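Quick one: the structure is below, questions incoming.
Letters A, B, C and D mark the chains in the order given here, with residues in each chain numbered from 1 onward.
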Amino acid sequence: METHPVAEPIGGKPHASPNYMLIWLFLFILTVAEVLVAFVSHLPKTALILILLVLAVWKALLVALYYMHLKFEPKKLWIVAAAPLPLVLILVGTVLMESW
Amino acid sequence: MSTIVLPQDAQGHAAPHHDDRSFVRKYIFSTDHKIIGIQFLFMSLFFLLVGGILAMAMRWQLAWPSDPNVPLPGGGMLPETMVTNGIMLPEFYNSLVTMHGTIMVFFAIMPLLVGVWANYLIPLQIGAEDMAFPRLNMASFWTAVPAGLIMMSSFFVVGGAANAGWTGYAPLSVNEVYSGVKLGQQLWALSLITLGFSSLMGSVNYITTIVNMRAPGMTYMRMPLSTWALFITSILILLAIPVLTGALILMFFDQTLGTTFYQPQDGGQPLLWQHLFWFFGHPEVYILILPAMGFVSDILSNGARKPIFGYTAMVLAIAGIAFLGWVVWGHHMFMSGMNPMLGSTFMVTTMLIAVPSAIKTFNWLGTLYRANIRFHVPMLHALAFVSMFVIGGLSGIFLANTPVDIPLHDTYFVVAHIHYVLFGGSLFAIFGAITYWFPKMFGRMMNKPLGYVHFALTFVFFNLTFFPMHMLGSGGHMRRLYDPTQYPNLAEMQDTNVFITISALLLFGTQFIFLVNFFWSLFKGEKAPSNPWEANSLEWAAPSPPPHGNWDGVLPTVHRGPYEYASPETEADYLPQTVALRAPARTHEPIGD
Amino acid sequence: MSSHAAAAHLAEPRRMPGIGVYNMKLGMWVFLLSEVMFFASLIGAYIILRFANPEAFGLPGEVLNVPLTGVNTFILICSSVTMVKAFAAIENGDRNGLKWYLLATALLGAVFVGIQVVEYNVLAHEGFVPIASEYAAHGRDETGPLVGGPLYGATFYTMTGFHGLHVTIGVLCLLFLTVRAFMGKYTQANHGGVEIVGLYWHFVDLVWIILFTIVYLI
Amino acid sequence: MDEFWRLPDTISTFGADIDRLFHAIVIITGIVFVLVEVTLVVFLVKYRHREGRRSEYSHGNTKLEIGWTSATALIVLILGMVSWGLWQRIKNPAFFPEPGLQLEITAKQFEWNVKYPGADGQLDTDDDFTVRNQLHVPANVPVQIRLQAEDVIHSFFVPELRLKQDAVPGMEIPMWFEATTAGNYVVGCAELCGLGHYRMRGSMTVHEPADFESWQQSRIAAATNGAGPATDAAPAAPQGTSVAAAAATHAH
């Protein structure tokens, strides 16, 4: 039922097509790296958690930017997509403060 | 009276727009945003009445606790598990407390502000023919209805309705060993989860509509403040409701599966519920006031016949309140045993909310300065909002201040505060909004004398009911007490409780004037012109009531902001957004946002 | 996915430009934001509970089968790439590619859910259950002492379970898309549905990436 | 002013500070309240509709707005700063004074069980004794209390002490006060805790230090005389189950 008053054709503007298989390879390597970091390395707990979180966020960003095409969207949509992130940080941050 | 002829006026008097939808498609499973708004209006007015009746029963008990000489009127009709020999049982009183809060917050005020007006006003005020997703909109209403039915049904199940307070603090709310209520508490959680889906569908719709479907010339900074407030409220709903849903799901698992998220056995955390609930709950509080601020701004500017003072500051203040709403939830938990450093941090963020609130209040006063004020009924309600919201806001400073909150927390001071904001604030704004947009919704004017009487009595009895509660609270009167006379220090203040109850009964009785006026005007009211208040915003350019599709196929073009009253560009004291003064205006209008 | 009838007679004058994406896509993005908050609430709960009772949670790999889940993660990542390939195909007008990539995505998603069901089954037999009174997980060797506590089971099943529910819904949507693709409903000019469901599917993948790290590896 | 607000006379050392802050806020908010409401009424009368009048065409005044915004921000920030220290002093265990008496209160539906140290003055030893619904403390001695709950959340509230603290199951929350005036007061529960919430009432007796000593001795004597666990039902407490519950009160 929705109308499409904007110039964009349905399905999005034509955009540069990234190499999806390369992203897939990256995701695969990062996943393997995560498992290795968690089980093979003998890092201190805090460093381990930090490295794992960085790897996870890296993977999540790859998915959001390339597979969800955020990289090729109007900048205004970036604002929309980023809106809940500060709130998530506030919630998780306070919860951590409370726990310590 | 007016020198302006609206282009739409001609269409409004033309042959009615042919509509071949069946009755069911038109009025029951309608996808028309206006019908859905009206459906929400009837639903939430019903729940407002239910919530009011529950409050009256509570007040009766508080004034004459367990007094066989003053039995609860109608108590005889209730089963023995609620009222025995005219004496209300404590478990039923706790259910009343819980259900009054839950129903008023989730099924009366929230849909009255958002469900009704976001649906009805947004497309009209931004110049769209309907919502972005009309069928999703219909689904939103038809999800809210079963949620309400589930909530109401809990009164009739074994053990009665939920009785752990509207805040549902765990472990009382998750373990029937402590509360005596199992099924009622589960239905409570289930109903709110269901309602969450309804709100979510609504807010996705409102946001998309406002972002993508504004009429030509309708830049963001030309939107009426009602729409701005509803826009930001939708964002709050979108991001806050899922947190409540998550928290309720964990609660439901605790209640049904035997998990222990919120129960201290095996390491569960009762405070976890409070954190999640209030992380949702404080944005929720602003969901319940921001739209009211928007409506009041529209009505006030119209009644004052003057542009709203500081439009940009008003928009920024709404956004500021909305953002601060996310970082203050801990002020509900000052006494909860939360880390005291967090308490101090939350105090400062909470007190900062005074800043945008003050901006709004002063700007409303600024709007009245050197104005030419018409005291129509909606205007009176809007003015009552301003003066009552000031009291609610100022009493909030007491509660935000951590040391002062120590004696006041969980007392009637809090009850007074919330009712000054939610009744004195939101509900006055709702009365204002209903009386203001009634002609647009139903094509008929509401009765004026009845409107004035209803306003005056409501204003007086409201203050007589809720102001003394401040003093009860600072006197040490705890909330949610079935029988305050059990405490010798509170028994001394019993005459105040009686006074409050009598005022509350009168306040409740006064509302029937409104109901009579509403239904009488619905059928017998004077026919309304398309712009009875001589207002500027787009909805008044459509016929009253607007046809399906709103604009008869031609989107209105917007030339200016919505508050151009007393503009030097025209003879009349108002200048609608659609009126082009300099031809050809269309091509000269800036289109960018 | 949409009818242009309503829009047609309102074509002039044109609306404000809006955000630059069509309504359904904006709507899906907006909806995903609320999903972010939903999972944030579950993760926040997990953090509070875990910090409050570190001893109630097992070490990585102690109870949970990480190799199996690693394979499952790989499957979900693969399904994301087939999804995006499906979208790329129809963008280029390759309707045949769309069909088979969509089918592959749906199947991979179903395999993910299937493996999760197997995983749950095995774990439940090992005594790793969400119900406090029946928790009896002894870890992977089944002979050691009791590992973790009921909260471990409860948070694990809640977080992965709600993700699994999302995957299941996604598979159903994908099957719907596949059927429509085989009926030839999507064209190079009109394939909004593929993009919308794709966004949802990638988001579900994204959530899994975070959950896998938090639940299984930390 | 206290008459109007019905604030009971405070009997704790920090109570007077809270009251001072309360009164300061009453004055600040009172001024704002009067200013706003009077301005509102004056505007309503002065600028009411008259034939031939036209509103001033103005969209605001940026200077004025910046002015009142920063004034409000300044006032609330000062108020916040002033309250910061007092709150930390009352609630942050790092700033608690050296206790002269340590007690443990366990709340449960619907009673307060107060555990006193026995002759050794130490909690968690064999000679501790528990009294139901009766809190006895000496005047002018800092009392530190470990607050816990057995079942649901309760909230310890003595209006005269200006002290309130939730008791949360699974948590042990410290709180302190120093009473200054001997007398009898009421301990209430401020958090909805079930159907008996309204009668979850205890009594607090503040003794002169010497009297407290003798009260404590009599209790210890009663406990060691083999009269069973030292229990005590609150006088005239209207609990339906009071006899059974009193008998069951544990001597840990």
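Going forward, a contact is a pair of C-beta atoms (placed from the backbone, for glycine too) under 8 Å apart; a residue touches a chain by one contact, two chains touch by 3 or more.
It should be emphasised that the depicted structure is a prediction, and the values quoted were computed from it without experimental measurement.
The chains other than chain B, kept in their positions, cluster through touching into A, C | D. The chain pair B-D and the chain pair A-C differ in C-beta contact count, and the higher one is B-D.
Averaged Cα coordinates give chain B a centre that lies 32 Å from the centre of chain D. Here the CA centre of chain C is 48 Å from the CA centre of chain D. Averaging Cα coordinates per chain places chain A and chain C 14 Å apart. Chain B has residues 132-133, 212-213, 239, 243, 267-269, 271, 275, 279, 341 in contact with two or more other chains. Chain contacts: chain A has residues 1-3, 5-6, 83-84, 87, 91, 95, 98 touching two or more partner chains. Residue positions 6, 10, 14-15, 17-19, 22-24, 26-27, 30, 33, 37, 40-41, 44, 48, 52 of chain C are each in touch with at least two other chains.
By the touch criterion given at the top, residues 4-8, 14, 17-18, 21-22, 25, 28-29, 32-33, 36-37, 39-40, 43-44, 47-50, 53-62, 64-65, 68-69, 72-73, 75-77, 79-80, 83-84, 86-88, 90-93, 109, 151-153, 155, 157, 159, 162-166, 168-171, 173, 186, 188-199, 201, 238 of chain D touch chain B in their complex.
Touching chain A in their complex are the following residues of chain C: 1-4, 6-7, 10, 14-15, 17-27, 29-30, 32-33, 36-37, 40-41, 43-44, 47-48, 51-52, 60-61, 66, 70, 73-74, 77-78, 80-81, 83-85, 88, 90-91, 188-192, 194-195, 198-199, 202-203, 205-206, 209-210, 212-214, 217-218. Across the interface of their complex, chain D is touched by residues 89-91, 94, 97, 163-165, 169, 171-172, 175, 177-180, 263-264, 267-271, 304-313, 335-337, 340-341, 343-344, 347-348, 351-352, 354-355, 358-359, 361-363, 365-366, 368-375, 383, 386-387, 390-391, 394-395, 397-398, 401-404, 406-407, 409-411, 470-472, 474-476, 478-484, 486-489, 493, 563, 565-568, 573 of chain B.
Within the complex, the chain C residues that touch chain B are 6, 9-10, 13-19, 22-24, 26-27, 30-31, 33-35, 37-42, 44-45, 48-49, 52-53, 56, 130-133, 149-151, 154-155, 158, 162.
If you check the complex, the residues on chain B that touch chain A are 31, 132-135, 212-213, 235, 239, 243, 271, 275, 279, 326-327, 330, 338-339, 341-342.
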